[in-house]
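Quick one: this structure, given as structure tokens, is what I'll be asking you about.
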Amino acid sequence: MESVVFYIFATAAVLGGVMCILQRSPVASALWLMSTMFSLAALYVLLGAELIGAFQVLVYVGAVLVLFLFVVMLLNLGQRSNDLRGPSGIAAALVIAGLLGIELLAVWRYTPSRLAAEVAQGPAMLDASAAFPAGQAMRQAAAHNVVQSVAEPLFRTYLIPFEITSVLLLAALVGAVVLAKRRI
Amino acid sequence: MTLFQETAAAAPAPGAIGLAWLLLALPMAGFVINGALSIWRPRAKGAVSVVGPAVLIASFAVAVAIVLQLWQASPEAPYILRLWTWLPVDTLRIEFALQIDQLAAVMMLVITGVGSLIHIFSVGYMRTDDGYARYFAYLNLFVAFMLVLVLGSSMPVMFIGWEGVGLCSYLLIGFWFNDKANADAGKKAFIVNRIGDVGFLVAMFATWQVAGTLDFAGVTAWASAHPELAGSGVITAITLFMFLGCTGKSAQIPLYVWLPDAMAGPTPVSALIHAATMVTAGVYLVVRTSVLFSMAPLTSTVVAGIGALTALFAATIGLRQYDIKKVLAYSTVSQLGYMFLGVGTGAYAAGVFHLVTHAFFKALLFLGAGSVIHAMHHAYHATHSHDDAQDMRNMGGLRRAMPWTFALMGIATLAIAGFPGLSGFFSKDEILAGAFARGGEQPIYYLFYGMGLLAALLTAFYMARLMTMTFLGPNRTGEAERAHLHEAPWIMIGPLVVLGILSLVGGAINLPPLVGGGAGLEHWLEPVTAPAARFFRLEEPHGSTELFLVGAAVAIGLLGLAWGYLASSRRAIVPAREAAPETGFWRAVYHKYYVDELYDAVIVRPLLWISRVLLWGVVDKGLVDGAAVNGSARLSRGLGWIGSRLQTGQVGVYVVLFLVGALWVLRVVVG
Amino acid sequence: MEPTRFLGPSLALSAILFTLGVAGVLLRRNAIILFMCVELMLNAVNLTFVALAQVYGVEGWVMVFFVMTVAAAEAAVGLAIILAIFRHRQSVDLANINLLQG
Amino acid sequence: MTQFLASIAYDQWALHALILLPVLGIVPVLLVPVASARRVALVVTVAEFVLSLGLWWAWQPAAGMQLVTSVPWIPRLGVSYAVGLDGISLFMVLLSTGLMPLAVLSSYTYITKHERAYYALLLAQAVGMIGCFIATDLFVFYVFFELLLIPMYFLIGIWGGANRLYAAIKFFIYTMFGSLLMLVAILVMVWKVAAVTGELSFSYAHLLANAHAVGSAAPWLFAAFALAFAIKVPVFPLHTWLPDAHVEAPTAGSVLLASVLLKVGTYGFLRFAVPFFPSVALSPTVSALVVSLAVIGIIYGALVALVQPDFKKLVAYSSVSHLGFVMLGIWSGTVQGVQGALMVMISHGLSTGALFFLIGMMYERRHTREIAAYGGIARVVPIFGILLTVVALSSIGLPGLNGFVGEFLVLLGSFGNHPGATIIATTGVIFAAAYLLWAIQRILFNRLDRPENEGMLDLNPRELVVLIPLVAGIVWLGLFPGPVLRRMEPSARQFVETTAAGHASAAMAEVAR
């Protein structure tokens, strides 16, 4: 049952992506992208990350995509001439994308054990088993509150990156205002 | 005092010799006082007139005291008076030390004695000049350096004086520096001297390399201990380089060209520096290192040859000069050639003898010329005429106006021409006799002898010509000026009289046995020349040969005098302003064979051209700066331009490039 | 609960979505759609993080938070840039934009 | 004096204080009103000089480093803030500190804009100069070596002449090019030594003792060091930054550039390049190359100086000539030659410094450095004329003044090993006389044919205070160099002996192989 749901949403996500890049109108592209986002949110829930799924909907669909649509409408970019590249551009794009896809799919071959083995052979800077205790996330999530299990590392281990990210957001905020304003 | 000296001074030498430092200190103090006066009190001529000559006379007194003590002690080894350690480096230990021996004694007497007379003369001669104090400061400084030159106990200390006198010569030649010709002459003197100094320096380096010492005593000891090196290449090289230094300082071929130009300085300067003392430094150096020269027969021959050639060559130029000082300048070059002929022959004492007598009579000639110029200058000044006060064509008949000067210069002329009994006769005769004697071993010296004899003829000729044109015949100064021609004041004539007496009887210091003398100077100098005599001893001619040589010299001298008088007095001379330009061969002689022009065209101009166009223009601005430095800047800018062409600014292109890179990385990682 | 579910299919889906994003960036010249494709790629990466978080722990989720933050910041600044460019050039076609060239 | 210094533990803190004093001095210079900045700077530099004078007594004539102190700085990389003084650096430090007050004093009326920044930069320059000479840790040395560059860049670029930006950038890039290569060489050397000894350290003594560990990389490392220092010296043909920088720099900048900064190059050869790699430096090929470049520099610099219309440029090219003597002395292989090189370094600092001061004074009066714009001014400004003549004569190498001592010792020392080169180099004294005498003739002598020169004012008391110490030094070093030579001798002998030994052992190893 769950796998059926998984594949339905997976298909929807791929379809949304394909349509997103093929639609002439930016509005339509944005809407198709929204469907992909929703599908991904569902997949996150299936993968046991309900919290991420919720944030996916809130941040991406609720904020980012709305921003996109807002800009599209602000610039009145509704129907425009086709902005697809020429035949040679398409061919090059397909070749590169194809190669990339093949290589990425090769990652599929990676199983956790193989990854752990490769990490173990790498420089002895990290203890593989200590760094990646298998299934730990689920156990932590099951043992504690989900939010707590995320908050622990976020505000302990990754406190400094977290703070840097907040500064980044502030900078982005200021930057966006400065750039978007007509005259300062 | 740690800033000056850290080792204790040596025990002072006894008696007056211990006071030898005063010889230097007195003129140095005079320099400081007169220099200070020239800056702050240029009008205080009274003080300058006292200080300037007084320090010299005091110095002369010290010199006399030292010589008297030396006379009584007659030591075999020189007294070394160490003042402080100058250059202590590793095994090199150069003391600033004075060396008092018989040769230094002769030199210091000449320098302080003749120097005192010239200082006194200058009081009268320069009295009206604006730079009076400056003049005496320079003159005092010169004497101090000249004494360092002759008293220095090692080559580098001597070199201090050697360059120092060059400096003073530079400053005094260019004394009236606002005239470009004077400043040029001073610069030329310094630079030409420097060419010679390179030789001296290299000789020092080589000496240090082989002998491990630069003290004269040390070098002499080393040379005496290595008789096997006699005639070797290294000694020959050292002495040849040293002689190059001598040709610069003593104005020998090929570096004589500065001396005639040096006449641009005040006349007493010409007398002191460019006749009596500084220019003889080269002769002094050869005698000082005579042991090396006698170990190098080849060099000795070169020295004698250059000396003889210079004596003859300069004498021919002197034949056709009209500037009274120029004649004397070429005469000086010529007489210096004699001295080198003497020391090159191995007759070191004879060279020094001629040095001394030459100091007397040439100083007298220059001061006499100064007296004449002084009178001429005043005459022209009184009538605001711009005629040349030094041109002999504007003179004539001056014996009536200046009898003292005429008489005294006459004595000097007879002395230089070798009139029997006068000082120059003995010294010149000794040199020629020595050259003739050495001809027995090395026939080339007969040639040198012949050249010397010919030069003596020419010397007598041009001196007779000078006297005739200046003092005899009708006066050509001009109607208005004639009344203003006067004898110089007594403060100028006084020194002339003293020098006249010395020129008359100066030969007495080294009378040859032939006339019953004891060859005093020769014996006096024996401690100095003895090491050299171990390697080479000149067999002096005796008997009939000697008589024949004397007779030849006397005949030649008298012949030249007569010829010169007749040639000059019979020819109608017109004043310089109306004179026609010279023609033919005499034109080349008048222009000194165009040697200055030749040097200018062959050396100076090409050097400047190479420096300006080739080195500065092509190498510096073109190759290094243009091609290499700015070229690399242009290259990097060009590369940057190419790089900027790669940057299309199209985001799509960047994406493609980025993806290709990402693909490659993935390919490596995933493998 | 099975510790790791759909790991392989999730990674494959992530790869497909990422490739689609790349293809979109390469194919389109409209700057806004380009940004959407970038978002698509970021989402694909998020999926990878979430999928692997089942194995390696909640750090994967933490990373997703960071990615979302950066994505939001990037979208804000990027769209502001597009606005500014549009005001100057009346176009968001990348073919017309080569300000990066010196 | 020695007891007094010992009682205040002078040797413990003196070198640190020499660095710290100007650093701290920058603060008040920047804070006080513009008009008093120069006075504060003068007070600081005079205090610095007085402080450094104690070194004359505190330092005992012996080989090796004295007054050594060391503070760990970056222990993980083996970097210590280590300073010390030997017979080579002692006089360089004294020269630097002695010139600083004069440089400040000479700028009183010359600098009329941004005074506070100017004097602060001068003090920063002093830090770099002194630091370079006392650093005994290569990392610290490199930091100070670069610190030399930055204040001078601004001094030229802001207060320079018309073409100042070109000159400043050229100076900067030229020097930076060399120093970056040197940085690489330092790192490689430290790494290689650490690989052999197991101790990661930038300490000079440690690297010197284990310099053989670099093995076959020695030629490359020597080349990198040598290039950096050769540009600084400058050795022909790397000299073309010098005339531009000298001409454009303000007076004090030119003085420090010529008197001290160039010496950092030769000091680098003496301290680092040659002792580290004696087998390379003294190998016949390198030796022949350096000696011929030195001789070319001597002659070339003099000949090009001969034809310069700009007096400052003339003096700049004369520096190329003088520094050629230093290079010749370093490679002479004798104690006399090396000590001569050190003496030339000091003498050139004094006489060329004085020449640049005098040129600055001329420029302040007439606003031109063209030789042709002057003529006959000795009559108008006699004291200026006397001082210019004395200083020029010292530069010419008149015995009895300081210039001769160094040149004579260099030539005497190098004659044994390089007779041909020495004879050619000796002819440099002719050209030196030619270019300087010709120049002073055209400035001081000849006819006073320009009316604007008739109103020139002679030197004022402040300018005399700048020049008199230099002239006193010129005469003192010329007549009584003994105390200085004696203090240098142990270090010079150590340099000669250790490099010769290093070269010999390397040659023996070569033969054995």
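Letters A, B, C and D mark the chains in the order given here, with residues in each chain numbered from 1 onward.
One rule holds for everything that comes next: contacts are C-beta pairs under 8 Å (C-beta built on N, C-alpha and C of every residue); 3 or more make two chains touch, one makes a residue touch a chain.
Treat the numbers as computed from the prediction; the structure is a model and nothing was measured.
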Chain at the geometric heart of the assembly (C-alpha centres): D
Centre-to-centre distance between subunit D and subunit B (centres being mean Cα positions), rounded to whole Å: 37
Between subunit C and subunit A, distance of the C-alpha-averaged centres to the nearest whole Å: 6
Computed distance of Cα centres, subunit B from subunit A, in Å: 98
Euclidean distance of C-alpha centroids - subunit C vs subunit D, Å: 60
Subunit C residues counted as touching two or more neighbouring chains: 22, 26, 29
Residue list for subunit B, restricted to those that touch at least two other chains: 652, 656, 659
Interchain pairs in contact, sorted by label: A-B, A-C, B-C, B-D
Subunit C residues touching subunit B - in the complex, by the definition given at the top: 22, 25-26, 29, 34, 94-95, 97-102
Touch list for subunit B against partner subunit C, complex: 644, 647-652, 654-656, 659
Interfacial residue positions of subunit A with respect to subunit C in the complex: 2-3, 6-7, 10, 13-14, 17-18, 20-21, 26, 29-30, 33, 36-37, 40, 43-44, 46-49, 51-52, 55-56, 59-60, 63-64, 67-68, 71-72, 74-75, 77, 80, 83-85, 89-90, 92-94, 96-98, 100-101, 104-105, 107-108, 110, 112, 131-138, 140-142, 149-150, 152-154, 157-158, 161-162, 165, 168-169, 171-173, 175-180, 182
Residues on subunit C engaged by subunit A in the complex (per definition of touch): 1, 3-24, 26-30, 32-33, 35-37, 39-40, 43, 46-47, 50-51, 53-62, 64-66, 68-77, 79-84, 86-87, 92-93
Sites on subunit A touched by subunit B in the complex: 85, 89, 92, 96, 99-100, 103-104, 106-107
